[in-house]
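Each of the two complexes below includes chain A, the first together with chain B, the second together with chain C.
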Partner chain A sequence: MTLRSFIRHETLLALLLALVLVVLSLQSDKFLTVQNLLNQGRLMTETGLIAIAMTFVIATGGIDLSVGSILGLSAILTGVFWQNVGLPLSVTAVAAIAVGTIAGLVNGIIITRFKVPPLIATLATLALYRGLAEGISQARSVRGYPEWFYVLGQGSVLGVPTQLWILLLAAVTASILLAYTRYGRTVYVIGSNEVTARFSGLSVEGTKLALYTASGFTAAVAAVIFVSRVSTTRSDMGTGIELDAITAVVLGGTSIFGGRGTVLGTVIGLCLIQALKNGLLLAGVKGDGTIMLIGAVLILAILASNLFERSGPR
Partner chain B sequence: MAVTGVELSSARLQRNRRSGVLKRLMSDYGQEVVVFAAIITLFVVVTMINPRFVSANNLTSIFAGNAYIAVAAIGMSMVIITGNIDVSVGALIGVLATISGTLAVAGYPIWVAWFLPVLVGMAINAVIGVLVAYAKIPSIVVTLGALSILRGGLISVTGGTWISNLPPDFLIAQKRLLGVPVPLIAMVVLTLAAAAWMRYFAFGRSLYALGGNPEAAVASGIPAERRTVAVFIIHGFFAGLATILFATQLQVIQSTVPPNLELTIITAAVIGGASILGGSGTVVGSTLAAILFAAIGSALIFTNVSAYWFRAVIGLLILATVLADMLRRQRST
Partner chain C sequence: MADTPAFVTLSGISKAFAGVRVLKDVSFDVRPGEVHALLGENGAGKSTLIKILSGLYTPDTGTIIIDGKNVKFASPRDATAAGIATVYQELLLFPELSVAENVFLGNYPRTSMGIIDWAEVRSRTRELLDSLDTHDLDVDDKVLSLSVAQRQRVEIAKALSKNARVLIMDEPTASLVEADVRRLMDIVRQLRARGVGIIYVSHRMSEIFALADRVTVLRDGAFVATRDVGDVDEAGLVALMVGRSIESLFPKLDVPIGETVLEVKNLNHGRHVRDISFGLRKGEVLGVAGLVGSGRTELALTLFGMTPATSGEILLDGRPVSIRSPLQARDLGIAYVPEDRGLQGLVKPMTIRKNVTMATLEKVSSGMFLRAREEASRAMAAVKRLGIRCRNIDQPVAQLSGGNQQKVVIAKWLQTNPRILILDEPTRGVDVGAKSEIHLVMGELVKQGVAILMISSELPEVLGMSDRVLVMSDGRITDVLDRAEATPERVGAAMTAPRSAEAA
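On to the complex of A and B.
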């Protein structure tokens, strides 16, 4: 039952993506150029990294709303450690990523040790981490980073944007981890039936703890890439990115109730959203019209997949 | 998820069997009592530091300026109690406020400008409710999509311009009735009415049943789909009323709402005791929580703490409340 439905949703989505690419390239001759596509890849890396970790979280039936705030906190710390504390930038980037990872770990502890539902736990830390970012920075931005730092967000390796390599690496690793390892299978079992998972002797708590920690880690890595891409640090960075990531994951066929989903689906969903955003912009549709369309696509995609499957969730 | 819901509601039943007035008060209204105590403590401490905190002006701004959040949280509590969620309400309030202001400036009768948006809110949420109840799309997904559609629609229609030159009669939130600010009256009356309705009427009770144990609720004859749609429509009604208070409190209507308004409203509902697992919570709690937020924001200013720490404080507060609630539940099982 499961494997076939995976393939069906992703095939459907890939066809939709192909259709969108064809239509958009007819609308504007600037769309289907190597330069433009690579540039779009640059823009979707931060959301992409977060969405990949989010795929695992949602596949267990959880959710992580705090990723945007962790991104903001890590971005602020990168700037503050460097400018105010005076540490070398390479050290501060690592320190900021460490703090982001700890923030994810704290989420995991609240969820696994205190049994707080993930939606509530991460809603609380969404406010807390963003509040820390605002409080620490006092809404002051940091700019003027050294030139070498921009290689990460603005440079290229072998003609491809640096961060796109990171996204590719993350996607392949996560794909293998979720589809072919014992850990991946555990994620699905927890998502389909947590009680069964526990009675089967699987480490439910340990798995979840690792997932939320990883989610914090990827958000923090995304933060450093973000700072490097836009050359500045502000405390409102990453606001609302959790919704973009969740949209990509759900559009990619991961069930919001858990037990179902693939990294490949998420990546296709991500590309679809980015293609729509960029293509419509080039075709002269304003950004706000695009946001509306993405919302409609999200609802329709789930509606379609529910109709195809007949047995909808619950 | 369903399993935990059952466990929690049976724990609640067991608690209710215990005797003692104080114990009953704590077990039935534990969260409300905690939030109320927090408000009192805050007022006492901040007033000792800075007596101007309890000046009439500041009290008005705390209670009346944030009444719209409390009103919107009433509907949100109901949605959460039935085991659903709505992340689009902030964008909805923005859209309705723009409709309201446009009607008022265009010269339509004031009551049309006030109440037509309420109907629009109910209609939009009816669509959301149908998608959740009949198309079986999880409410988080539907409302996430609705959030994008409403927010995008709002900006593309208004182009980011503000609505000014509002007729003075339109600005009901600035008025007073017998010396009491209208938003305060609206907040208290709506909260008490909704609380009574949820506690003493079959329809209100059925919402708890739906959230606590959907299978049992359906088995006992509650039409689950229709109730879900109804709850979203009622939520749209309260969002519409909240819009009236929000849109009429300033001389202009901005094309944006405060960032993360939907999260503030959800948080008020949750701190007030609405369990995200469904089946418990009251609207008295959510209104108290909305007041607490407003008081904390004001307290930071009066104690000379940078307002940039506001959200960190709120975050810690939510965490503390939720952890305390979870520990209390674990102990009582």
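On to the complex of A and C.
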């Protein structure tokens, strides 16, 4: 539970990632190419953004299951506001992000005001927001966005996919926030012992409210990027993405009980999963085999880190 | 009795965790029908010794001999089978199950069909409780509805149900009030008369002299001495424990008392804070006495903004203030060192450094960024000021002894430079040495003009440390006594005085 054990988990994970990269590059010569790796970066941005916010949420001992539905809702609203309401696309994207943020705020209010456990609160809003998305979309999809919009999801800046810059910016900001600021410290204290946090005069409710709101915000940003990347909007977008994000966070060493975790760990976890998915696909392994392997890696990584952490009683 | 052969003998026991020796060549024995007190500061190795005896840990070296036979415990089950039972400090009952279900848990008598014989479970539980003179407890009550003292009796009954011949009691009176302590001591005497050997771990000297036949002292994991209680006095035992003599038990400083800083008028919150009015002055230690449930802690929580007052007035320096949250209380100069340091005071896995600065993060930050160096220097100063014994400020507080943990909580609140310090059970579960150090810190603070409100279940502490004593019962103040007039009798009478009918 010291800084040392954090570094240990992440070092372990980074070594594992390196190993996976080497093994996979031996399996297929298409894997370790700049083009392929950048493309994989493109694919993992949406999950990545969500996972970064999720790291904070889980580090407080909470969870946000509704992010996939918020993504779906924001994606639909982007399209519907533009096509059916006739607003400029730039405005609708912002409006959709605002709605996603509010959806996150609602989660936060349910959790902090009405003391509903995060698992249940966000399980409920998972259904609620997805239902809203489906109701609004009426099972229609939106296509034919203007060309400039695709810069976000399909374009490049300085040779690197646009959204990867956004992910990088988010990761760096979040790392600094969690590791070096009062807010980050408050997150860890809440996750380790919420009662003590309260008795120390820390703003438990305010912090949680901000985190769930931020989680909604990142899910909505991910939605806009997603729409831009795939050129279309459907109401089932982002289904199950919460589980991918949680997997990355937990693989990255964040304790599901709270109090422990880093953004760096989450990012390495994210890369590891994406590398496995893509590399195994290129190596000709079937999809179900890949999922099983990811499950196995998750369990092994957790076991290994628990082993390191155990340093005798007292 | 002195020549009765021992039932259990431990000899040459050593144990190390991750290379740190916590027990070095300790020998200890228990005879049937004796109370053998085990004494030592926190961290002296008492808990480890107990855990070895109850089969939770295996010793690295040394032997355990029971009834003349060499035994090895692979698990607590083996120890139970050998007749050793433990009543732990944190009671390990299942709150959702009934008394009877708890007593025979894992050990249910069965009918010839192999089905649990509930009638038998209940009647045998009844017998066990009756044998402990506990007729007021219903075997069908859920444990969660019981008081701590009642739960403890259930634990004892549970131990007896396994035919325990040695009963280990780890600080059994730590969270009991006076009346329950007396009752527990009766039970212990009764068990002794039945021939049960009792290992009694406690910090409270009065209990040891009232109960024990022999006493063994450990210090820093090593055996110091075993004595007949008749051969030692309190000062002698304390000296054995700490390896030096303690100046005075309650070092009350005479400090000039200043003007009133806090005034409370007709304060109310729920059932436990009713119509409370009192004043607290600069440089004063105001002790708060009362039974558990008398509203002492609730009053503190209301003053600290955890459970804001529903009516009444709080005045600071004569000006009315509203305290709706701990943060507000802190900013007004009120600090609260809570009753349960593990749950409310500390983040145990975190380092001393982080715990010390937890309530004052803005003081160690520029803007939103934490300043590691400022944090470290404050933590180091706190460690020095309070004499916290640790390897360094980056040691997790979970590894510290109870007394040092308590000092960390106090250090955290001293960071806020409080004008009013509320201490709730400041020395509960704290060893003698650390206790007197905490008392010295209190003296230092009042000298600087801090006003202290001290809640304590330990009457000698209240009487020894306070300038005035405020006695509560049933959510109300029943008496306020000056130091000179506060005798145990008067305080005790006020504590139990007018219990109203609804106090069920």
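Rule of thumb we're sticking to: the second predicted complex is superposed on the first by the 309 of 314 C-alpha atoms of A that agree within 3 Å, B and C clash if a C-alpha of one lies under 4 Å from a C-alpha of the other, contacts with A are read in each partner's own complex, and residues count from 1 in each chain.
Operating definition for what follows: contacts are C-beta pairs under 8 Å (C-beta built on N, C-alpha and C of every residue); 3 or more make two chains touch, one makes a residue touch a chain.
Every value quoted in this text rests on a predicted model; they were computed, and no experiment measured them.
Q: Examine A:G259 and indicate which partner it touches, taking first as chain B and second as chain C; both and neither are also allowed.
A: second
Q: Quick one: name whichever of chain B and chain C touches more residues of chain A.
A: Of chain B and chain C, more residues of chain A lie in contact with B.
Q: Look at A:Y180 in the shared chain and tell me whether it touches chain B only, chain C only, both, or neither; answer first, second, both or neither.
A: second
Q: Once the structures are superposed on A, label A:V250 by its partner contacts, choosing first (chain B), second (chain C), both or neither.
A: It touches chain B, and chain C stays clear.
Q: First (chain B), second (chain C), both or neither: which does A:Y188 touch?
A: Touch partner of A:Y188: chain C, not chain B.
Q: Thinking of the overlay built on chain A, is A:F114 touched by chain B (first), by chain C (second), by both, or by neither?
A: Only chain B is touched by A:F114; chain C is not.
Q: Which holds for A:T196: it touches chain B only (first), chain C only (second), both, or neither?
A: The second partner, chain C, only.
Q: If you lay the two complexes on top of each other, which residues of chain A touch chain B in one and chain C in the other?
A: 195, 312-314
Q: In the complex, go through chain C and note every residue touching chain A.
A: Those residues of chain C that touch chain A are 17-18, 20, 22, 306, 325-327, 329-330, 336, 338, 343-351, 354, 358-359, 361-362, 365, 368-370, 394, 396, 399, 412.
Q: Would you tell me which residues of chain A are touching chain B in their complex?
A: 61, 63, 110, 114-117, 119-121, 123-132, 134-135, 137-139, 195, 235, 239, 243, 246-247, 250, 256-257, 286, 288-296, 298-299, 302-303, 306, 312-314
Q: Could you please specify the touching residues of chain A with respect to chain C in the complex?
A: By the definition above, chain A touches chain C via 1-3, 180-183, 185-186, 188-189, 192-193, 195-203, 259, 311-314.
Q: Please give the residue numbers of chain B that touch chain A in the complex, ascending.
A: Counting only chain B, the residues touching chain A are 1, 3, 85, 87, 131, 135-138, 140-142, 144-149, 151-156, 259-260, 263, 266-267, 270, 276-277, 306, 308-316, 318-319, 322-323, 326-327, 330.
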